[in-house]
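Paired with chain B in one complex and with chain C in the other, chain A is shared by the two complexes that follow.
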Partner chain A sequence: MGGEVRQLLEQIHRFSRRCLFRVLSMGPLPTHLAFIMDGNRRYAKKRGLEDGSGHKAGFSTLMSMLQYCYELGIKYVTIYAFSIDNFRRKPEEVQSLMDLMLEKIKSLLDKESIVHEYGIRVYFIGNLGLLNDQVRAAAEEVMKATAKNSRVVLLVCVAYNSTDEIVQAVKRSCVDKADRDTERIQLVDIEENMQMSVAPEPDILIRSSGETRLSNFLLWQTGNSQLFSLDALWPEIGLRHLVWAILNFQRSHSYLEKRKKQL
Partner chain B sequence: MDFNDPMLALSSSIGQIGDFGLDLVWRFIHIVVTLCLIVSGIFELVESYAISLGLIQKYSSIDIEKLKCLAVVVDIEAARDVSKVIELLRWLTTIGVKQVGVFDSQGLLKKSKDMILEMVPRSVLLQETGENNISPDSIALEFISSFDNKEAVVKAANILLQKYLKSIHPENGEGENVFTESHLNEALRVVGECVHVPDLLLVYGPVRSHLGFPAWRLRYTEIVHMGSLKYMRYGSLLKAIHKFTGVRQNYGV
Partner chain C sequence: MSTIIIAFNNTDIAFNISPEPSMEAVPSSQLYYTVCLLSLHNHHNFLINQFHKRMISLRVPAPSSFNLQRLNSQALERRWRLGRDCFLSFSPSCVENRIGLGVRSTKSEMAPFTAAEEETLPEGLQPELMPKHVAVIMDGNGRWAKIQGLQPWDGHRAGVEALREIVELCGKWGIQVLTVFAFSTDNWIRPKIEIDFLLSLFERTLKSELETLAKNNVRISIIGDSSKLPKSLLEVINEVEEVTKNNTRLQLIVAVGYSGKYDVLQACRGIAQRVKDGEIDVEEIDEGLIEQELETNVTEFPYPDLLIRTSGELRVSNFLLWQLAYTELFFAQELWPDFGRNGFVEALMSFQQRQRRFGGRKS
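== the complex of A and B ==
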């Protein structure tokens, strides 16, 4: 009986969400949304949970947010899963995060996963050479397995930071020019060699937990992006936050489009 | 076939009525959002005046030493009103800020830099003094535009390319690793860019966006939206700086 009630509530929730998204789609919608998923550790501390539970709760929030984004028709979603700076955390914490990442990356290949439900193409963006062999191999397997998907795209930034991305793009441009004996790098060379060039620039970047900095995330790509800093910790983020961000984006859309044309 | 045409017309009309209804609901939601933002704006206005008048104790003293470098991003339309920028810089001088980088994407403020330096008391151009030679009672100003962003990285990349080409061994065709963040940082200095990372970035414009401020310098910068430059308020500026002095970063650790 309890299960049936829960199923009914879920169906009502899903139907209400579809109606809400139908209303939102009367205005412009973002093509690319990026998230900095900050606050998992503070959430665990706040709720008196054991270490690591915050990240598990954060993953569950991530799955919900991806579902909402793809239902709304947002084609690209980028998430900041693990920064190069995060390697400086305590080794036990880094290992626990790597283990969680390995488990969740492998689960993306399950038939019931969100990847199959929405036909998601997954990219792992970052200095993957810094990851251990197992996580790197799993990431490469997921990228290969989803390479033919084209409906929506998920970009997972792991072992990433923007300044490293810029340096790597400069390196690839230089090596490329050196190989071809042409001696001048142009902006287009660096842009093509940026790992994030597989997606357009983000329209919206949302950071949870109230921090107002970008922490070395997508600095090159966010010149025309609307930045949101939400007070809620990442595991507390829900549909209402996404709707609020989109409503504000719709108010600012004509200004941002005008700016893009001016540049 | 005849039966299908009226049915198609009917379903199309129903669709149009449905879309019209949804559009009305969408507009209504936006009216509610606008009202919420107006109410929140009124509260902020009152608070800002209270701060300016010294009525809120905690804003009466600010540990300005924590703010080594401030950047201000100004929307293109706002940048045309140089007098407002000058007023803002005078406020910052009063508060005790020592180094300010002013950015607008098209470099309008760069073109007016001589006038700004003349009108802002005790101001000097940062490039001339160098970052470490600012006298205690002056304010060092830097004028930044989009050319200092991606184009600067391209120039720096060409410097690294030359270094790389010179280092290529004829036997194995491999060059020295000149591709680290320090190398790119140094190359940016060589092309005349300031690589100092601002602690705080204040955005004056309709939207919270860094508007193309040099990416290389934004790593850990706190970004605060201040609203329109035309309606800027001293109390809001004090509040933003005060809030920054209370921030504790763990830099990803």
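== the complex of A and C ==
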């Protein structure tokens, strides 16, 4: 009996969400949303749970947010899963994060996973060579398995730093143009060598847990993105935050379009 | 609006501001007063800072001349507007008569007044937590001018005054580098008349401020793509950079024709050239190398600790890029000409309360 009630509630939620999203899509919608999922450990501490459970709660929040984004019709979502700077944390914490990531990456290949439900193409962006072999292999397998999907895209930044991404792109540009005049190096040459070139620039960047900084995430790509710093910790983030961000985006969008037209 | 009662003795002018009856219940820390004085000569109305405190003493040096204007003797209460380059000059003989204040509009004859409290850090700010490098996107001049019913160039002029104030504060409060976004590569699309005005305003300001800056031990550096700038401006820039290059108190970096992507691009070109010349190997390219090649290498602290953007826009607009990796961002609602000391203090307070972890963990 409980299961049926739950199913019914879920149906009602889905239906009301669909109505809400239909209203939202009357206005302009972002094409690309980026998230800095900050605050998992603080959440665990706040609730008096053990350390690892903060990240687990964060993961389930991530799944919900992805679901909402793709239901709304946002094509690209980028998440900051693990920074190169995070390797500096205590080895036990790094290891447990890697274990969690391995488990979750593998679960993306399941038939019931969100990847199949929405036809997500997954990219892993970052210096993958810094990851241990297992995680890297799992990531590459997921990328290969989802390469044919084209409806929506998920970009997972792991072992990523924006400055590192730029260094790699600069290296590649130097190699490409080695035989040609260096003055000819243009912005597009660097841009096409960036790992994130598979997606357009984010329209919105949302950071949870109240910090207002980029922490070396998508520096190149967020030049014109609207930046939102939400006080809630990542596991506390929900549909209302997404809706709020999109409404704000819609409010400033017309002004921005006018300026873009001038360009 | 609250009432202002003006009383003065020989050299001090004290504004005693009392709140209107309806505002009496509001705690004084939350009350804002706008003090303005009329410029009787050039009819420009500029709003100066909003003050928290009720009593402001402005000390002006002994006047050389004054202009007396008879005012409405009905009331002592008067609301005045003051242009940023207007100040009060008066003679002791007005004291008894309480007739009124003359306002004279000129820039160079008197040293600008400063309120007494500026010498030390305001309450609440800790000296050891001050940022070394502050970056500012001075947005909102155009909108401000529109709201005031003025032309865009009046907005930019007011913006210059606001900048002057912030530069002074940085010098006083121990901030070592201040980077300001004057003109972006995207701004080239603006109407030619506005661009010409902006660049000539920049040139004039540099020339007129050179002496003050040199005297206050401020070093100026200009970064950005100088290829599109007019020759006369380039000459002034070179002169100013040369004259101030040994100053140590504050480094003011002005970004003109600059954008973050452009900076990385020119660094990339420089590196590519060095690779081509055989000076370095491609494999040796790393973050440190790029940092060296960026235009912000003119300073010892190329990475801003705090970035302030005014006018409520929640964007970085490609101002800096690489340098902002760990910068704390502060978005102020006010338009730039209104930002001033209070906005700056608020930004600094917010900065000092933040916990910076640079990707690690707070143990």
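Simple rule for what comes next: the second predicted complex is superposed on the first by the 251 of 263 C-alpha atoms of A that agree within 3 Å, B and C clash if a C-alpha of one lies under 4 Å from a C-alpha of the other, contacts with A are read in each partner's own complex, and residues count from 1 in each chain.
Everything below uses one rule, namely that a residue touches a chain if its C-beta (ideal position, glycine included) is under 8 Å from a C-beta of that chain, and two chains touch if they have at least 3 such contacts.
Predicted, not measured: the structure shown is a model, and the values here were computed from it.
Novice: After the overlay on chain A, what do you see for chain B versus chain C, clash or fit?
Specialist: clash
Novice: Name the contact category of A:251: first (chain B only), second (chain C only), both, or neither.
Specialist: After superposing on A, A:251 lies in contact with chain B but is clear of chain C.
Novice: Considering only touches as defined above, state whether A:107 meets chain B (first), chain C (second), both or neither.
Specialist: neither
Novice: Quick check on the superposed pair: does A:213 touch chain B, chain C, both, or neither? Answer first, second, both or neither.
Specialist: Both chain B and chain C are touched by A:213.
Novice: Considering only the touch criterion stated at the top, classify A:31 as touching first (chain B), second (chain C), both, or neither.
Specialist: neither
Novice: Could you say whether A:67 touches chain B, chain C, both of them, or neither, answering first, second, both or neither?
Specialist: Neither partner.
Novice: Counting only touches as set out at the top, which of chain B and chain C does A:167 meet: first, second, both, neither?
Specialist: Both partners.
Novice: Chain B clashes with which stretch of chain C: 7-15, 25-33, 79-87 or 97-105?
Specialist: None of the options clash except 25-33.
Novice: Which parts of chain A are in contact with chain B and also with chain C?
Specialist: Common interface on chain A, chain B vs chain C: 83-86, 88-89, 161-164, 166-167, 170-171, 173-175, 177-178, 183, 185-187, 190, 212-216, 219-220, 222-229, 252, 262-263.
Novice: Can you tell me which positions in chain A touch chain B when the two form their complex?
Specialist: Contacts found on chain A: 22-24, 26-27, 83-86, 88-89, 161-164, 166-168, 170-171, 173-175, 177-178, 183-187, 190, 212-216, 219-220, 222-229, 247-248, 250-252, 255-256, 259, 262-263.
Novice: Any idea which chain B residues touch chain A in the complex?
Specialist: For this pair, the touching residues of chain B are 19, 22-23, 25-26, 29-30, 33-34, 76, 105-106, 146, 149-151, 153-154, 156-158, 160-161, 164-165, 168, 175, 179-181, 184, 206-213, 215-216, 218-224, 249, 251-253.
Novice: Over in the complex, which chain C residues touch chain A? Could you list them?
Specialist: The touching residues are 186, 189, 259-261, 264-265, 267-269, 271-273, 275-276, 282-283, 285-287, 290, 313-318, 321-322, 324-331, 354, 356, 358-361.
Novice: Considering the complex alone, what residue numbers of chain A touch chain C?
Specialist: Per the stated touch rule, the residues are 41, 83-86, 88-90, 93, 161-164, 166-167, 170-171, 173-175, 177-178, 182-183, 185-187, 190, 211-216, 219-220, 222-229, 252, 262-263.
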